[in-house]
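Two complexes follow with chain A in common, the first pairing it with chain B and the second with chain C.
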Partner chain A sequence: MTFEPKIVGFLCNWCSYSGADLAGTSRIHYAPNVRVIRVMCSARIDPTFVIKALADGADGVLVCGCHPGDCHYSEGNYKTMRRMPLLKRMLADFGIEEERVRLEWVSASEGMRFADIVDDMTERLRALGPSPVKMALAGDAVER
Partner chain B sequence: MATDKLQIALYWGAACGGCDVAVLDTDEFILDVAAAADIRLWPIAVDGKYADVEAMEDGELDLTIYNGAVRNSENEHIAKLLRAKSKLLVAFGSCAHIGGIPGLANLTSRDEILTTAYLENPSLERGSKTLPLPESGVNGSTLTIPSFYRRVYKLDDIVPVDYYVPGCPPAFDQVKAVLQAVVAGELPAPGSVVGASERALCDDCPRVKSEKRIKHFYRPWQIMADPDACLLEQGILCAGPVTRGGCGARCPSSSIPCRGCYGPLDGVVDMGAKLLSAVVSVIDSTDPEEIERIIDGLPDFTGFAYRFSAPSSLLQRSVRQ
Partner chain C sequence: MPEPRTGVFICNCGTNIAKVVDCDAVAEAAAGMPGVVVARSYKYMCSNPGQEMIAQEIGDHDLERVVVAACSPRMHEPTFRRAVETAGLNPYLVEMANIREQCSWVHDDGARATEKAEDLVRAAVMRVAHHEPLERLSVDMCPNTLVIGGGIAGLTAALELAGAGKLVYLVERQPGLGGNVGRVDLTAPYLDSAPDILTDRITRVLEHPDITVMTNSEVVRLDGFVGNFTATLGVNCNDGPGEERRVDVGSVVVCTGYREFDASRATHLGYGKQPNVITSFEFEHMLRQGRIETKEGRLPQYVAIVHCVGSRSAEFHGYCSRVCCMTALKYAHEVKSALPGSYVSDVYVDMHAFGKGCEDFYRRSAEVKTLFLMYGKGEHPVVRRADPGDDCEMLITVDEQLSGETIELPADLIILMVGMEPREDAESVTRLVNISQDKDGWFIESHPKLDPVATTTDGVYIAGACQSPKDIPDSVAQARAAAARILGKIAKGKLEIDAMFAEIDQDRCSGCRVCNEICPYSAIEFDAAEHRSHVISALCKACGACVATCPSAAIKARHFTDEQIFAEIAGVLG
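Coming up: the complex of A and B.
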């Protein structure tokens, strides 16, 4: 059986979730690997959420928000823009590969773009293999 | 042992000794403790042996104050032993509470640590290939030393803990308050963090907080900091926003940024992740490239953000082995 990555997707209500909805209503076929969680704004996505998803066994985390300048709350997505690069560096220090966390801007009209992003991320994670986090923590229990 | 005195033990796991010194720093008050209690084990100050503890009945000790993290099989063995012999077990200091400085080792791997310390350190004898082994044979007999674990654990990963006293080391008056409570028999609800506040360090910090945004992060030595303004708003990393207060804000009062030794506030699940949010919120930029340049000014942010709390973070350790 081939490995099927589990991706947790945090999508902002105003643009990206609508974009994903458009992908659905347009009947675009894309990888079923993403589990979508709707949040009111990408700025609501505390880095803790991303880390928790990885610690609980997600193979990847996709964060989507409105394009810069388009935020429903004026500047929520800029907060996300500042957090994600530092979060990626932090995760790298824990040995977590860069491809596992991805930030993309998806507008309400970009159903096709959302589908392409999910397909591409799924493909990359399939090549990368399962997340090592859960395995590592289970290994610690065996050691002692 | 027929006595009315409190039976107590103090122990250090993976620790620097600073917590034991913090207990001694209570000055003559420690004599009141000694008058009210029999100190049955305290490796740094009293001549009790492991065998004495092993010979005790279960629950014979009223209280064990355990400082230090759990790094090797000896730390774990003694933690379990003292847990069985003690009615109350207190995790004392950052290492026992959330992993502490030894917990930073969780950002690297056992192999890297052993290689650096025993094979590649420039101060080693050239060509030295001596690695410590849990068992080794000498003249026909077998010698054993504790085995070095793959990672560092906080105390409550190993045994149930009744109370936590945070700090690196816990502040003098807090230590005293805790010892007084024990001597007087006035104990708080089980599982609580004692000797600390429920509010953020920023609440205790006398510096003035405004809305300043920054374009550059500085190490403390790179800038003459304004003595009255919030350090984070001057671009100096400070863990105050996510750290439990109660220490008296002595570091920021002396122009030293908070390092987070009192551990996370209630409601903060992962100190590093929360601190990350607070820190980037002062960045004044909406340009991805400029943001990358600004965070380039944060060398080893991970080490700073989890300086005391890596073993208690969600990820607990690096997955590299």
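Coming up: the complex of A and C.
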């Protein structure tokens, strides 16, 4: 059986969540591996959300916000843009591959783009295998 | 603390959800989730019986929380909030799981879609346990409206709103008002004059004291939310440096219209190569000049009209542009009356005469001796130069469907009925006002049948051909509908908005002031005496940027708290 990664997606309400809904209304099919959590702005995405998702067994975390310049709250996405690379550097120190955390801009009219991103990320994570965090936790459980 | 008593309601949405997701299995799984005391699957949760079922179960089981797994919360969250409110539950104690737009409509593997739906329901169940009752805020509704586009839809919307005594800012990119209707001569099917229709409206708009018309102008950005937008306009920016102007509006009507299909893309029709192959808009121009003639100034003996240029084809646009069939019949009338000795042929795929008065018009056109030739969808007529001995300038080869024969049709003037397509910069408009486009690029309405002029962004409306190809009556109807929706909101005076703002725990605040800088609305004040920051809730727009920034975890985003989101994360990961 092929490994099916679980992806937690944090999407801003105004652009990206609408874009994901648009994929639905347009009946654009994509991999059923993503589970979306809606936040008002990508700037609300506390780095601890990403860490918590990985700790709880996610194989990947997708963060989506409005395109730079289009943020509903003027400049929230610029904060996300700066936070995520910092977080990724920290996660790399813990042995978490860079590809597991992905930041993308998806507008309300980009249903197709959202679907493509999910498909691409699913494929990459399938190739990468289960998250080392999940494996370590599973290993711990066995040892205990 | 025991889990709050939770009811889970799984909507089948007819078969929209149920044909992919096993709703009964999801209900069964939900019944075993923490705190769940009742879980039911039903055909239409948003219907009256569906809402009554929720209210009934709240009473029967003393429910403290409700989860509705159905469509997107952007669609029906207000519906279910009202439903639980009627049963005495605070509207913020309901949470939706989006198992339609983000599950059944995008997946075809039933087992995996069902598994995903269960994860989404579990997340909602675990999240809603942490919800707190909140009170809504009442804000003023600004009675001014921004109308983008000065075509027939924009002019109509502006007049309707100003007629009710409200201020309108009408922004038009071109130097003049009128849009595409301004390029037309007579209108089908009653042959009344487009300039007459327009001139009256344009004059009334320009003279109206409550309408500010800004031509050569564009909208640069739109900030705020329903009832309280601020629009930044580039006034006269299309013919010089222009100036920036800011206006406060409560609503926006997008009436940006369409552009015509570029006929040179349909290479087999010879547009751009044969001088006497022209587009419908070029023919309109000729009609307005009052003389139908070839480029060489001769009167054409054979006039051919080709339908569906760019429309209803696999190659270009799949949709029907709706106005071309009747416009083509109008041309047949106009050619016949101007040049009674000429031969007019109509090369079509199907004749779409759906509008009021259109079928009668079609019948009358057949009586004026127009030759109708049907070509197959997916095929195309080919235009070529006639041979030296022919009495015409060009020949059109048509595989005629009704006779089954290949016919060569003489022509001196060929009119291509070019379809409508979204404007080249439609996407930038969607980003400006935060609305969506469908696969063809048209703007998307809130509901295709029941909410045709609203969009998913509250306070932003669409009217006219920017939403899909449309004739004048339909564009006018939409513009008036949008105006009526806006006037309804203005009449109420106040808007209820979500009580979602940030709060700072004064005991945990270290007074570091990081949040003061991060807030895009300057909604956080620093109290120097107390050495603490606090949120001015009326200014806060609930983005949550400060919450994620605070190093002391002292800021709480109401309805998007850390606890709620952590529970949701744990929930989706089972």
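The rule is short, and it goes like this: the second predicted complex is superposed on the first by the 136 of 144 C-alpha atoms of A that agree within 3 Å, B and C clash if a C-alpha of one lies under 4 Å from a C-alpha of the other, contacts with A are read in each partner's own complex, and residues count from 1 in each chain.
Here is the rule we use: a residue touches a chain if its C-beta (ideal position, glycine included) is under 8 Å from a C-beta of that chain, and two chains touch if they have at least 3 such contacts.
None of these values were measured; they are calculated from a predicted model.
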item: Between chain B and chain C, more extensive residue contact with chain A; value: C
item: First (chain B), second (chain C), both or neither touched by A:52; value: both
item: Partner chain(s) touched by A:106 [first = chain B, second = chain C, both, neither]; value: neither
item: First, second, both or neither for A:63, with chain B first and chain C second; value: neither
item: Partner chain in contact with A:90 - chain B first, chain C second, else both or neither; value: first
item: First (chain B), second (chain C), both or neither touched by A:125; value: neither
item: First, second, both or neither for A:25, with chain B first and chain C second; value: second
item: Touching partner for A:117 - first (chain B), second (chain C), both, neither; value: neither
item: First, second, both or neither for A:79, with chain B first and chain C second; value: both
item: Set intersection of chain A contacts, chain C complex versus chain B complex; value: 46-48, 52, 75, 79, 83
item: Chain A residues within the chain C interface of the complex; value: 4, 6, 8, 13-15, 17-30, 32, 35-41, 43-49, 52-53, 56-58, 67, 70, 72-76, 79, 83, 107-109, 111, 115
item: Chain C residues within the chain A interface of the complex; value: 72-74, 98, 100-103, 105-109, 112-113, 115-116, 119-120, 123, 223, 427, 430-431, 434-439, 444, 456-457, 500, 518, 520-521, 541-545, 547-549, 557, 560, 562, 565-566, 568-570, 572-573
item: Chain A to chain B touching residues, read off their complex; value: 46-48, 50-52, 54-55, 68, 75, 78-79, 81-83, 85-87, 89-90, 93-96, 132-133, 135-137, 139-140, 143-144
item: Chain B - residues contacting chain A, complex; value: 76, 107, 149-151, 269-270, 272-274, 276-277, 279-281, 283, 285-286, 288, 291-292, 295, 298, 300-303, 305, 313-321
